[in-house]
Amino acid sequence: MHDVARRCFLTAGAGLAAALVLTSASRLAAQGALVSAGSADPKLIEDLVAANRILVEQGVLDGYGHVSVRHDRDASRYLMSRSIAPELVTVADVLEYDLDSVPVDPRGRTSYLERFIHGEIYKARPDVMAVVHSHSPSVIPFGATGIPLRPLYHMSAFLVGGAPVFDIRAASGGMTDMLVKTPVLGAALARTLGRAPVTLMRGHGAVVVGVALPQVVFRSVYTEVNAKLQAQAMALGGPVTYLDPDEARQAEASIAGTLGRPWELWRKKVLSR
Amino acid sequence: MHDVARRCFLTAGAGLAAALVLTSASRLAAQGALVSAGSADPKLIEDLVAANRILVEQGVLDGYGHVSVRHDRDASRYLMSRSIAPELVTVADVLEYDLDSVPVDPRGRTSYLERFIHGEIYKARPDVMAVVHSHSPSVIPFGATGIPLRPLYHMSAFLVGGAPVFDIRAASGGMTDMLVKTPVLGAALARTLGRAPVTLMRGHGAVVVGVALPQVVFRSVYTEVNAKLQAQAMALGGPVTYLDPDEARQAEASIAGTLGRPWELWRKKVLSR
Amino acid sequence: MHDVARRCFLTAGAGLAAALVLTSASRLAAQGALVSAGSADPKLIEDLVAANRILVEQGVLDGYGHVSVRHDRDASRYLMSRSIAPELVTVADVLEYDLDSVPVDPRGRTSYLERFIHGEIYKARPDVMAVVHSHSPSVIPFGATGIPLRPLYHMSAFLVGGAPVFDIRAASGGMTDMLVKTPVLGAALARTLGRAPVTLMRGHGAVVVGVALPQVVFRSVYTEVNAKLQAQAMALGGPVTYLDPDEARQAEASIAGTLGRPWELWRKKVLSR
Amino acid sequence: MHDVARRCFLTAGAGLAAALVLTSASRLAAQGALVSAGSADPKLIEDLVAANRILVEQGVLDGYGHVSVRHDRDASRYLMSRSIAPELVTVADVLEYDLDSVPVDPRGRTSYLERFIHGEIYKARPDVMAVVHSHSPSVIPFGATGIPLRPLYHMSAFLVGGAPVFDIRAASGGMTDMLVKTPVLGAALARTLGRAPVTLMRGHGAVVVGVALPQVVFRSVYTEVNAKLQAQAMALGGPVTYLDPDEARQAEASIAGTLGRPWELWRKKVLSR
């Protein structure tokens, strides 16, 4: 009951979210408390902890941002830390959420206000198994200017289709606090994301998705790097040659087979501390 | 008596400050030595030590700059380290000052030349509980060009009303050594600050204020980040969309509830060393 | 046999490579397994390990990239790590390759997909004793815009003749996955490199060569630094004075005698961990 | 005799230096070996070691560059490390030089090729007690474009008179290897420096002088910072307000009294390792 009450409170200011919340709340009321999908693979949880710390070490996350992974035993659940700085996340901080982003067994632990980014993307994108929300610094200027992020080199080939910009002002039809803190806003963001791997959030940050934690971490790191290098290339003054779409598609496929290389390096470094 | 003499010496070169200093000195002479407001909350002092070190770690302070907090038992006193590099500050270095920036019990320890920034702001702004003076690097170019700092993303929403630029040349009516080392100059800076959270200092740095140490540290960090990212956004060449004033006000209110997250991370890291 | 099969598989998609592969495969078939040229100097292998770690520490390599050195006992062999992140390379990871980039005794260990960069350069350039392939970040924008890297200061005097840009699209006559993963592409890159010390790879990175590991590491570091500083100099807006060709040639000769200074520093730091 | 021979060899390519070298060599021949001015203050030598390491930590020096201090017992001698990377310098590496930059007792240890920068400045500037030669990265673009370094804020007020650019091509009347490796070139650089605290070296780096090690280190650090911030200010696009000459002179005088603060911090950090 606590969860339901809290959730209603959180969404109280967003009238648009009412229908969805009521549906979800009703379901909860009918079912009683959420039942866990069961223990996730300990390796998956450890990877989730590692992903949080790696993204801090790589400069993608600071004291804010969050990473989630879909539950390995139930596609209608996802795993994410309670609301703490990503650098501090441990196995004990990981909570289970349903796709309405209701925590299964919070035991008083608070949740990230913007967890709806994760739940609504998992609903809309069955192919997505992991989600990162960040304030990736080099990406912020692109979101604020609308200048398209484009793949400058093979490591960021996944940007070939562009990274659509989610403007919460358009999505909500008015002024907000910039936070995606309702299911309705999360669903709007998921629509902007579409089939893309990355969406920029105007005046806020970015969301990156992937088929697994190593891929979503890789994409988050190289989205940041590409933004930095693209800005440098543009500043040099001449025309910039980006990857051709065909090159990018081929490169992405080839590089997919190498993601274990940086992942093992990064994982080893953060977990050995 | 030593303090009085020293203080008069420090302000001797600033004729404009004479009246205020005499008033203050007279009061001291009448009262004898300043009496302490009593021991501050040890947690507050530890937070002050942490704030110094956090701001070094975050690149806001280097070997210079200072952080103060209003005394928790007496609003007419504030706490600040003796004159040492902020990275070296320990609990034993923290001194108590009255709002004229006279140290209560210096025991031979020297004070920051520019402590008047703090005292005069605490006089002018009863809402302010903590003050940071820095040479925040990415902010310096904005102070030197007068190009307005504006909130590029929700983390720096507090910049919505702009960050006024304090030009000591205008305030003093002539050439100075750029240091706010008299009560008169401190009061002039406080007037430029007005109700704002941040004032830039032309050819010098910045002053950031807040209702508590976690907020003033947060604002100092994200003023630096915003300056860096705003410069990058401007360099991309297109029009930059800053937060709408209404968005910024809402975002600031929402983010106010999350400051504990980076604060606990930062505090833990610097105090565990 | 495993190696032969694997190699044929790797090059299967590159019809152009067929002739060379067949020749090489035939030779292998005739000879049976490759016979090692014998143990390399342990100091050389330790230097190779150090070179990998130094280039990570200096920001030239990240989780990708590779370094090789020609075998000290057989000019038709070279040494390079198996396919792992350069920061993790140890003595035990170093494999011996022939100049067709076939590993002598892989024992199940995988090889870098782009090892042909190394083998084909060693074939074409008898003077080259060490090769680095990187995604050196500040260099990427130059490769993508075609703006020539030029020596801004004496430390990068070796850039005097320019750094030709290898465009794999032109070399292959079509769209690729951007990887130099066949002997034919490696040979094309070696032709673009010509007698130069550095070639940029459009949309990819750079290749640097040298007469020994200390030199190739030095050149890799200062190619990155020069790219960064040249971009800054260009951004200042005035005409940039680069080294005169005669100055550069003289400077390169003089600096050649000092390479031991940074090399010993760097080597000591990475091997003491 | 070894030193004399070596010195003649070093300057053999610089015909212009012949007269000076012969004079110096003759004096040596007449005097026999140089006699030491005696042991320098151990604290001074420790400060010299600290200065080397501080400048690496602050990003002013990398594997190259050198720091010297005038001998405290003999103004015609100076102290500087033998030719090793500054990060590795220890007390045992410090050598004594006369003002012709001849080492007093090298015992086989090699000297920096460009030591004449130091000796010739000590000759020309009796007020100078410490000299730094660096490849300070943010400064290189200013030297290469001739865009004047100017004081953006009070910390770099010492730049008020400008930083003249030494162009070795003009000084030598032709093409060189860019190195100040003769007394004649050192003297030319000292003339370009004049009464200034800093001279930039086109295509090479910078030389900074001071009345003591803490000051020369402070100036080296803030020359680098100022260059970086000035470039950023110029990129913002508006007119930049630099310190007024009168402001700068006053600021420099005031800040002179605070140099101990960063110096003690920096010294403590590098010597505690």
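The letters A, B, C and D name the chains in turn, as written, and every chain counts its residues from 1.
Just so it is clear, contacts are C-beta pairs under 8 Å (C-beta built on N, C-alpha and C of every residue); 3 or more make two chains touch, one makes a residue touch a chain.
These figures come from a predicted structure and were not determined experimentally.
Seen from the Cα centre of chain C, the chain whose own Cα centre is farthest off is B. Residues touching across the chain B and chain D pair largely diverge in numbering: under half of the numbers involved belong to both copies. Here the CA centre of chain B is 51 Å from the CA centre of chain C. Note on chain placement: the centre of chain A and the centre of chain C lie 36 Å apart, centres being C-alpha means.
With touch defined as above, residues shared between interfaces to two or more other chains in chain D number as follows: 235.
By the definition of touch given earlier, these chain pairs are in contact: A-B, A-C, B-D, C-D. Within the complex formed with chain A, the residues of chain B that make contact are 151-155, 157, 225, 228-229, 232-233, 235-244, 246-247, 250-251, 253-255, 258, 261-262, 264-266, 268. Of all residues in chain D, only 62-64, 83-85, 87-88, 113, 135, 137-138, 140-147, 169, 175-179, 181, 202-205, 231, 234-235 touch chain C in the complex they form.
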